[in-house]
Amino acid sequence: MSVAKVIELTASSSKSIEDAVENGIERANETLDEVEGVWVQDIKAIVKDGKVTEWRVNMKVTFLLKG
Amino acid sequence: MSVAKVIELTASSSKSIEDAVENGIERANETLDEVEGVWVQDIKAIVKDGKVTEWRVNMKVTFLLKG
Amino acid sequence: MSVAKVIELTASSSKSIEDAVENGIERANETLDEVEGVWVQDIKAIVKDGKVTEWRVNMKVTFLLKG
Amino acid sequence: MSVAKVIELTASSSKSIEDAVENGIERANETLDEVEGVWVQDIKAIVKDGKVTEWRVNMKVTFLLKG
Amino acid sequence: MSVAKVIELTASSSKSIEDAVENGIERANETLDEVEGVWVQDIKAIVKDGKVTEWRVNMKVTFLLKG
Amino acid sequence: MSVAKVIELTASSSKSIEDAVENGIERANETLDEVEGVWVQDIKAIVKDGKVTEWRVNMKVTFLLKG
Amino acid sequence: MSVAKVIELTASSSKSIEDAVENGIERANETLDEVEGVWVQDIKAIVKDGKVTEWRVNMKVTFLLKG
Amino acid sequence: MSVAKVIELTASSSKSIEDAVENGIERANETLDEVEGVWVQDIKAIVKDGKVTEWRVNMKVTFLLKG
Amino acid sequence: MSVAKVIELTASSSKSIEDAVENGIERANETLDEVEGVWVQDIKAIVKDGKVTEWRVNMKVTFLLKG
Amino acid sequence: MSVAKVIELTASSSKSIEDAVENGIERANETLDEVEGVWVQDIKAIVKDGKVTEWRVNMKVTFLLKG
Amino acid sequence: MSVAKVIELTASSSKSIEDAVENGIERANETLDEVEGVWVQDIKAIVKDGKVTEWRVNMKVTFLLKG
Amino acid sequence: MSVAKVIELTASSSKSIEDAVENGIERANETLDEVEGVWVQDIKAIVKDGKVTEWRVNMKVTFLLKG
């Protein structure tokens, strides 16, 4: 019997959508050690003076619960 | 790099929808100190003898994860 | 074995969203006597001359079917 | 043949959900004169120091296009 | 004022959908003691050599937060 | 010209999801005699002391309206 | 205070989508006398020997509840 | 680099769903000259005395923004 | 044990929504001989010089798989 | 680089929801040999004389495409 | 009282999803000067001869309405 | 009369979301020669040891059916 927990995070990056996802995973790894995957729910961009300053991704992060 | 976590709560009030949301935030504040915002997902009313006894709100609460 | 029926109503009020819900419940109570709860599906406002004249709520009303 | 246009606004209020909707309608009325109604799509609350400082409503506003 | 928290789990069973839900509740009970209910969001089956080896259920678990 | 009506019920069973659906159909049959089918919309489980006490199914029931 | 009820019907026609909707309204009118409007939820076509034999429309029918 | 804008209209016709869409496009063409297409979002019928008096279509209209 | 397969098609017609659906079924019939039905998912109109040149329907087509 | 294809089936069983899913997989296996998993999209029951005669499941079936 | 307007654009790029979003913002900036953010609704790719020639993004653009 | 077929694929890449889409198109091109476009439905990331090892995209691929 394996059970996984799913948490929701919002992470951001000035570089790209992929980098925002990786920032969220990196932060989740500080407290969780069995992150299995991520589902990207929503993609936003924050704009200042006509430029994207931040790619912001809302995501579901799945990690295994130990025994 | 900022990362926010999103949790889901259901809170209620006998007074109003807004009061139910505020009750949920008040409870979240006991353990979290950087609540940024709330998204109201669902609004229900519990009825007894033809009267609303409880406004019940399901909500997503966003708070900043510290560095 | 308990079975509940769910009906859909649209009710309105000039005062507030909560009052529109309560108007719908009051009307349902005239013919049903075991209303348990309400789920607010949609909230609209009718506008005349730049003022809200009516808060209109579409809702699902749940009531117990007797034995 | 009547045709209505639908625009999307986000408006806010420190008081209530209903007041946020009315603020959005008031602003729409400055440039449009036949607002017919509003559909509330999303309800959020902005939180500072554990208190709701702003009720923020995303809404679709419908107004008649003249002949 | 009662407030409930909602968490998301994915649990599995080789036997049935119902058994997968019960496995998820059993695991949640190890750390939470007031589980009230479960909403089944998604049902999947993992297949090997043409046979279902695992029923996998994604679910929202609601539990009361103590005063 | 055939017309069918669709009603919404919530029924439950301590045994299984299938049994909850059959309980809802049984109750519908007391007053309707041409039930054609059921669409399962939502599946929930009520939990007490870490055990599922009730499988609760929300469903749409379709039945033929006579001529 | 006006309250409207919403019921769900499935009606069909061998001619067109519009005719299927009108058949549903005609049937609803036999028992209800204040039908206000219809929302078309789903459109299907039944096919036999490569030809559409029936346009089948699932719809929500709104009617006023008297006083 | 081509950019298109999408606006939302509600248009109606006493004749058919297709005619309601064409009425909306005709009105849009009075102020826009590069309408590319329409996506039908919602179909309603307004009913008086048991007859459809109006087919009402909510639609997204896409048109090219000039360089 | 009967199993049906569901495929997705987009078909079009210069005449009407119904005709676009029938064009899709006609094409499906060239390779499949047990089409049972169609579910209309999306309706679009392609516009040139302010006129609808094409009704385009996205649809799910269901056909029986033989034993 | 791995690519999987997803097809949609509707399968049924007189016994249970799980058995309907397994019937769909069994049929898919006759022509495909790398079925990986199934996502249950919709659950229906066909009713005759007040009894469920068929559990009918609409599902997405995923299988690996070979190199 | 702040009110923001939300418009819908579709923009494209031959390079990447992020570049398509930035092209849409750049175009919006020609007529609007307070773009705050973008929500990516849909991502498509146009294909010619087996290659992606265009990443096409549908997005909601939010900008502040002045006092 | 043109008819297009829509199939669903899941493709992946260790590099980027765009590359995963292109891998799916490349594979589709081995058996189909008129791919017109792709709609990205879902974006996931597979994680091992805190790093994204695979961007996995679920997509609908549209291609023209000949004559």
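All chains are identified by letter, namely A, B, C, D, E, F, G, H, I, J, K and L, in their written order; residue positions are counted from 1 within each chain.
The criterion applied here is as follows: a residue touches a chain if its C-beta (ideal position, glycine included) is under 8 Å from a C-beta of that chain, and two chains touch if they have at least 3 such contacts.
Fair warning: this is a prediction, and the values are worked out from it, not measured in the lab.
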Separation of chain E from chain J in touching-chain steps, minimised, is 1
Neighbour overlap between chain B and chain L returns A
Comparing contact pairs by residue number, the option in D-K, A-L or A-E matching E-J for over half of them is A-L
Here the gap between chain E and chain H, centre to centre from mean Cα coordinates and rounded to Å, is 45
Distance between the CA centroids of chain E and chain G (whole Å) is 39
Expected list for chain A, residues touching two or more other chains, is 7-8, 17, 26
Among line, ring, star, complete and other, the chain contact graph is other
One finds touching chains in the pairs A-B, A-E, A-K, A-L, B-C, B-D, B-E, C-D, C-F, C-G, D-H, D-K, E-F, E-J, F-G, F-J, G-H, G-I, H-I, H-K, I-J, I-L, J-L, K-L
Per the touch rule, the chain L residues reaching chain A in their complex are 16-17, 42-47, 50-52, 55
The chain A residues in contact with chain L across the complex are 17-18, 21-22, 25-26, 29, 35-40
Touching chain J in the complex, chain L uses residues 7-13, 23-24, 26-27, 58
As the complex stands, chain E meets chain B at residues 1-8, 60, 62, 65
